[in-house]
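For reference, the structures are reproduced in the following blocks.
Same chain, two partners: chain A is paired with chain B first, then with chain C.
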Partner chain A sequence: MNARTGLATAVCLLAAVVVMPLIIVAASVFSIDTQLWTHLLDTVFTEYVFNSLVLAGGVGLGAIVIGTYLAYIMVNYRFWGKGVLSWLLMLPLAMPAYIIAYTYTGLLDFSGPIQTALRETFGWSRNDYWFWDIRSLSGAIVMMILVLYPYVYILARSAFAEQSYSFNKVSELAGYTRLQHIKHVSLPLARPAILTGASLAMMEALADYGTVAYFGISTFSTGIFRTWFGMGSLQGAAQLSTVLCVFVLVLLVLEKHSRKDAARYQSRQAKSISPVKLPGVIGLGVFALCLIPAIFGFIIPFIQLAIWSIEYATVGDLGDFITLIQNSLSLAALGAGIIVLFAVVVSYSKRLNEQQPSKMPMKTVEQALSLGYALPGIVIAVGVLILAGWTDRQINQFTQAWFDYRPGLIISGGMMILIFAYAVRFISVALQNTETGFMRVPQKLDQAALSLSPSYKRLLGKIQIPLLSASLISATLLVFVDILKELPATLVLRPFNFNTLAVRAYELASDERLIDAALPAITIVLVGLIPVVLLTRQLNKANV
Partner chain B sequence: MLTLEHLSLAYGTIEVLKQVDLQLETGEIGCILGPSGCGKTTLLQAIAGFHPAQSGRILIDRVCVNDTQTNLAPDARGVGVVFQDFALFPHMSVLKNVEYGLHKLPKAQRTQVATEHLLLVGLEDYLHVYPHELSGGQQQRAAIARAVAPKPRLLLLDEPFSSLDPQLRERVAVDVRALIKRLGITSLLVTHDQNEAFAMADKIGIFAEHKCQQWDSAYALYHQPSTRFVANFIGESTFISGEVMHQDQWYVNTQLGRLALTHSHNFVENQRVDVLVRPDDILHQDSSPLKATVTDRRFRGAHILYRLNLPNFNEEVLCLAPSHHNHQIGESFGIRLSIEHVICFASDNN
Partner chain C sequence: MEVVIKKFIFASILASLLIPSVVAQEVNVYSGRQEALIKPLLDKFSERTGIEVNLVTGGSDALISRLQSEGDLSPADIIIMADAGRLVRAEQLGLTQAVTDEALIQTVPEAFKADNNHWIALTKRARPIMYRKGDVSPDAISTLAELGTDAWKNEVCIRSSSNIYNQSMTASLILLQGEEATLAWSKALVGNFARSPKGGDRDQIKAVVAGECKLAVANTYYLGGMLTSADEETRAIAEQVGVIWPDQDTTGTHINISGAAITKYAQNTDEAQALLAFMLEADSQQWYAQVNHEYPLLDGVEWSKELQSFGTFKAQDVDFEKMGAMNGEALRLMDKAGWR
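What follows is the complex of A and B.
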């Protein structure tokens, strides 16, 4: 076995371990607990299905409407303020749904400033008026639309921008109006991209735990949590997870299918559309229309968080906050470091095995590893916990038999299990970056390097890592921020008494201590802005 | 059929074309030929109605479609366009693409007309196929069918062959010419490639320096270029210096001999001029007392193109000699001048 095959074998084994939690969740369907399921089916199951589907459907639809109109306007028109808008529209990506949800709750619930002002102005009391209850399914849908519309916006914008300039003219020559052209040509051509974005947004909606838990809505993700902690059935939680995974899988298939369509719809040699200039007043109106999602999706909640943070900082205890920062940053940094390292090894091994005929299933490894990102954090947590519990039991049995000693839950209660769960979930983020990074380094360069000095170690260290540095930085950054924002898996798997910014913000908000929650929340948002800024710069360069 | 009168085009204050005059007769294929950036695509856009004229007039079938008062919308001009990227809608079948331009007809008729036109371009077996499944040449024919199905009076083609493989272009151009002639539709195409222009067009307009330099047949452009630019742009050319003289008739004195002019061409006596010499104007003749030295040679199969240094004034000419006259660089051989059309331009250093 040479170094290349050895590395590939190691990668395959490691990948198998990473994929194990997903297999465990899937395998749980073979040991159905009939009593539990009779109970679930009699009581909450229909509600889980209904709420989850309405939530995902509502978010998908809302994201399609908002994302598509924004994208169409941004590609086809020029108007005052468009440059600023191209930045503002991306900012909601930095706002986790559970954070925007609790911020708006603070603003809109009975004791919030809006309702208080209404009561004071009109002299109403509690039962005199109707006000939208944000802690509802509709509330959760609106909150998620506000932060998830960029998924559709980004993809639809590229799709509109790629449409050939000549398409407009073909329609004009045939005497179609602009609206007819949009209906017959622009929208059908962008449809695959729009659907891809919508399915991503819907996957996020299904994966969400913080928002629905905070609003007290029964969906699959809260249900999994409840089955496990409330009913003590990890198997039941795993089986519910499988049902959720089926929904996600449907979306995943839709997404993959749409991407294939989109690739087919790209017109070749297209001159990109040249945007039409909108005169002053109309331009201003369009600007205002496009600004709305950014105002509600980022500006208002951010200002509210900032106000609360300042309030807290003047009276509160900052010592706790500093511990939280230290915990979160070190956890995220450690996790990102390990995950990116693993991703580099996987990509490198895949590349080496592409150059020569090889029997190693590197493509399968990569596909299996990318599954984790599609699955909700709570599902992964369940899988990881089952795996860790089993491993702990094996270790204890082993040491009991041989050394008459039981070390206890050495894996289940530790930090490594958390990092492992992050690896399962975020390895595909890192892989995407390392893959594109390696793709940019031509294979010929490898051959040249190997012909001069036949060492794979030197090839990686002296040639590829330096050339890959940009991709490595972006991979690390993205995984870092994803870990920082991750709520459900952290909530479930963290060691006792270990808190992160996300967990603490969620807990404090759940205890209605909204002001205390603001500082950790705004920190997450601010750090989350870094990758958003980088992404926006990249997109603006590509699309304008 | 198509008439442009003193047409000037501009992007804001940037002048693109000024004072263009040309005329295309019914059934003719015209070609706008010029280097990139010469405004040829803008001209096409103006004729189609996507770009308003700054001054001058555009007439299609003797109807004014654009002047300072009128500017008919593209769909009111009776113009079909084949775009450079073909602009076939990738989400519609070939048939649907062609039907797209026929939406003013009732549905049944729409399908019938579209099918007829696809039959004409030889795509009858591809009605329900999507554009990406077609070859480049087939896509182009589909685009032509879509453009001509609404029965336009004039067909415009923007760089119609640039998306095709270079090896295919000339052959496809000949096919497309035959197709357009069969359809009997007046057409105007834009290209930067001379071979395409020669293969396609009855009349060619050379565009450069914001002007139409010459609007003529390919033969006339080569043998009777009206500007120095056209002479240089079409075919290979060299110039030798001469002096205009008048004695009974007008002629030019050059070191290759005395060349008769049909009239004065607005030159005055003793004026220095540059005389256009094409490679086929210089004949290889061993017996000739006039010897020239080979400075460069390019083998072209049946012929060899020699670059020759003339003994006096360090002047150079090109000579296309049959390839059995094989001479190496540095050798000399006899040449004879045989110019049918003497083309002179006022010398630069006058």
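What follows is the complex of A and C.
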């Protein structure tokens, strides 16, 4: 067994462990409760399917439009205020979707200040006017676009930035206008990155529970909760989750398919694009256009949360905040580190096995690992719980038999189980980034490097990782922020007396004490800013 | 190789033994009630008894799953749940054991514990009808059934059927009037919705005040919480709301409980029972009544000013165990009625 196959085998084994919780969930399909399914099919199932599809589709489309135009402008133009924008546009990432949903509902709802003012000013009552109902499917789509567009933006921005200047020149020579160049050259080249970002956003939308539950929309994720909690059928809930998984598989296959004929290796020898300076008024207009997503995705909700926090927080609340921040930060940092490292190894191994004939099923491994992202965190948590509980029992039986000693729970109720659950859930985010990153590194580089020194380790460390830096940074950033916001798995798997900011914010918000939840919520955002700022700086450097 | 493995195992066991095992008395709690609504009480208990309380909060069902998967290795001694159905489910899954402390059992009124003492209630919560004072006459409606009549077309606000309070309420109605009548009522109710169900109980109360609907169904402690909110606007909204206790001449208004059970594999049963006894003391009961506006389980404990302002009422007399078991049935019925 050579080093390449050895690595691939190790990756497959590790991946099998990470996918195990999903397999546990999927195993439920073998015993169908026909009565339950007849009921579901008769009543709510169509609605789940329809709403989930519209939600995911709407969010994907919206994120593509916003993320792409932002990325294109940020890479290709220089204008007043661009420096500030490059930060602001990333910030919605730190905003949990359910928090933004709560905040906007407070503003735009029938009983909120805007509609109340309208009614008072014009003397209207309930049926005299039409106002957009934020707590609707369209509302949920808008809320999620606002916080998820950065997925597309980040990936598209790197992709645009890597497009060589010579492409612009060639287009010019061919007599293309700017728009034609965008349509025929820029966009097709960036398409894999854009679609990857969109599929991440769509998966996140499918997995969301907080927002759709608050808005009263029946989707797969609310359905899973209802079936499990309401009808007490974990089996049924797991089966619904499996159907959701099938959706995602289709999504992933479509996405991969769209990339198929697009193994696009770009040479960076040529000069990168140098942004065109936009004159005053046009520059301002473009600035304003780019500011819109940041205003709605970050500034308005941030201000609202800040007002609530300042008005109602008492000094007493701050007491254990340091601990909460520490807990959240260390979990997110540790988790992001481990997960991104694993993702790099998986992608690298896959790449090596693609270059030469190989029997290792690396593609399947990668796709299987991607599934976790679209499942509601609670479903993953249950899979992880069952797996950890089983393992702990085996360990105890073993030690009992051999040493007459039971160490108790070793895996369950510890910190590593949390990291493991995050890995199951977020490995996809990291993988998508490392995958697109590797795709942009020409294969011939590998061959050249290997012919000089046949060490896969050195190839990875000396050649690939430096070239991948932008992708690694965005992978770390996304996973970090995702863990920071993660709720359901953290809630149920955490050890005794261990809280995070997300747990605190959610507990208060779920008790409908939104005002009290403002302080922990805004702290999540502020803590999330640290990596966003650090990594945006790195990203700006890497993209120059 | 084998020697190495054995050495390694031995070393790790040695290491785990060397880690100081906690000698202090402790009790481990899995709580479906959130931290803010339980931690202060637990701290008081620790202060008084010296027994350390370790806490994990989370979704009730998720915690039940955790307990289940941990099996006999679970460190949990007590589970606290904010709903009768969850307690019953934990019991049915064989995750609980009977409370044995006779004095403790005696403290709990008959209807508010399991027949086999596998769980006990800690507090009560009620789910009446609410309206805007001056907008609706307090005697314009006197039964839940009337919510489905034509008089209230497009005038009813209530949250989603995914919510456990609505599931329990519907389950209690199935027990009281049978499935057919309850389904007919649910359908009529859905026909009277002012809007598709959304938001939480507080949102329904706000909608009534804003004029989006005339009647709302909500738990009293949400209104109590709004009345004592730090936010002036919220208080101003809540002060316009009146409470109607439905079905006073017949079956009584729907109530639910929060409660606790000792886990089957609890290691610290004495401490666990001490904690339960503490939570049933008058002071603790009063704390719940004051801080979260829940109705105390014990007579003679003073209600909060807000609870008093809602008035006294006749409560449903429904077997919580049967109600809990009826939960899935209720949800199916609501699915059929189109209650989203």
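Following the convention adopted for this analysis, the second predicted complex is superposed on the first by the 320 of 544 C-alpha atoms of A that agree within 3 Å, B and C clash if a C-alpha of one lies under 4 Å from a C-alpha of the other, contacts with A are read in each partner's own complex, and residues count from 1 in each chain.
Rule of thumb we're sticking to: contacts are C-beta pairs under 8 Å (C-beta built on N, C-alpha and C of every residue); 3 or more make two chains touch, one makes a residue touch a chain.
Quick caveat: nothing in here was measured; it's all calculated off a predicted structure.
By the document's definition of touching, of the two partners only chain C reaches A:F215; chain B does not. Applying the stated contact rule after C-alpha superposition, one finds that A:M231 touches chain C and leaves chain B untouched. By the touch criterion defined above, A:Y69 reaches neither chain B nor chain C. Once the two complexes are laid over each other on the shared chain, residue contacts for A:T116 go to chain C alone; chain B is not touched.
In the superposition on chain A, contact is made by A:N499 with chain C only, not with chain B. Between chain B and chain C, the partner in contact with more residues of chain A is C.
Applying the stated contact rule after C-alpha superposition, one finds that A:D511 touches chain C and leaves chain B untouched. If you check the complex, the residues on chain B that touch chain A are 48-50, 73-76, 79-81, 83-85, 87, 89-91, 100-101, 103-104, 130, 132, 146, 150, 163. Residue ranges on chain C touching chain A, taken from their complex, read 9, 13, 16, 28, 34-37, 54-63, 65-66, 68-71, 73-75, 89, 159-162, 164, 167, 195-203, 206-207, 209-212, 222, 225, 229-231, 234, 237, 327-328, 331-332, 335-336, 340.
Against chain B, the residues of chain A that register as touching in their complex are 164, 166-167, 169-170, 172-176, 184-185, 188-189, 191, 264-271.
Residues of chain A that touch chain C in their complex: 39, 42-44, 47, 105, 109-111, 115-116, 119, 125-126, 133, 135, 213-216, 218, 222, 225-226, 228-234, 311-312, 378, 381-382, 385-386, 388-390, 392-393, 396, 399, 402-403, 405-409, 412-413, 488, 491-499, 503-504, 507-508, 510-513, 515-516.
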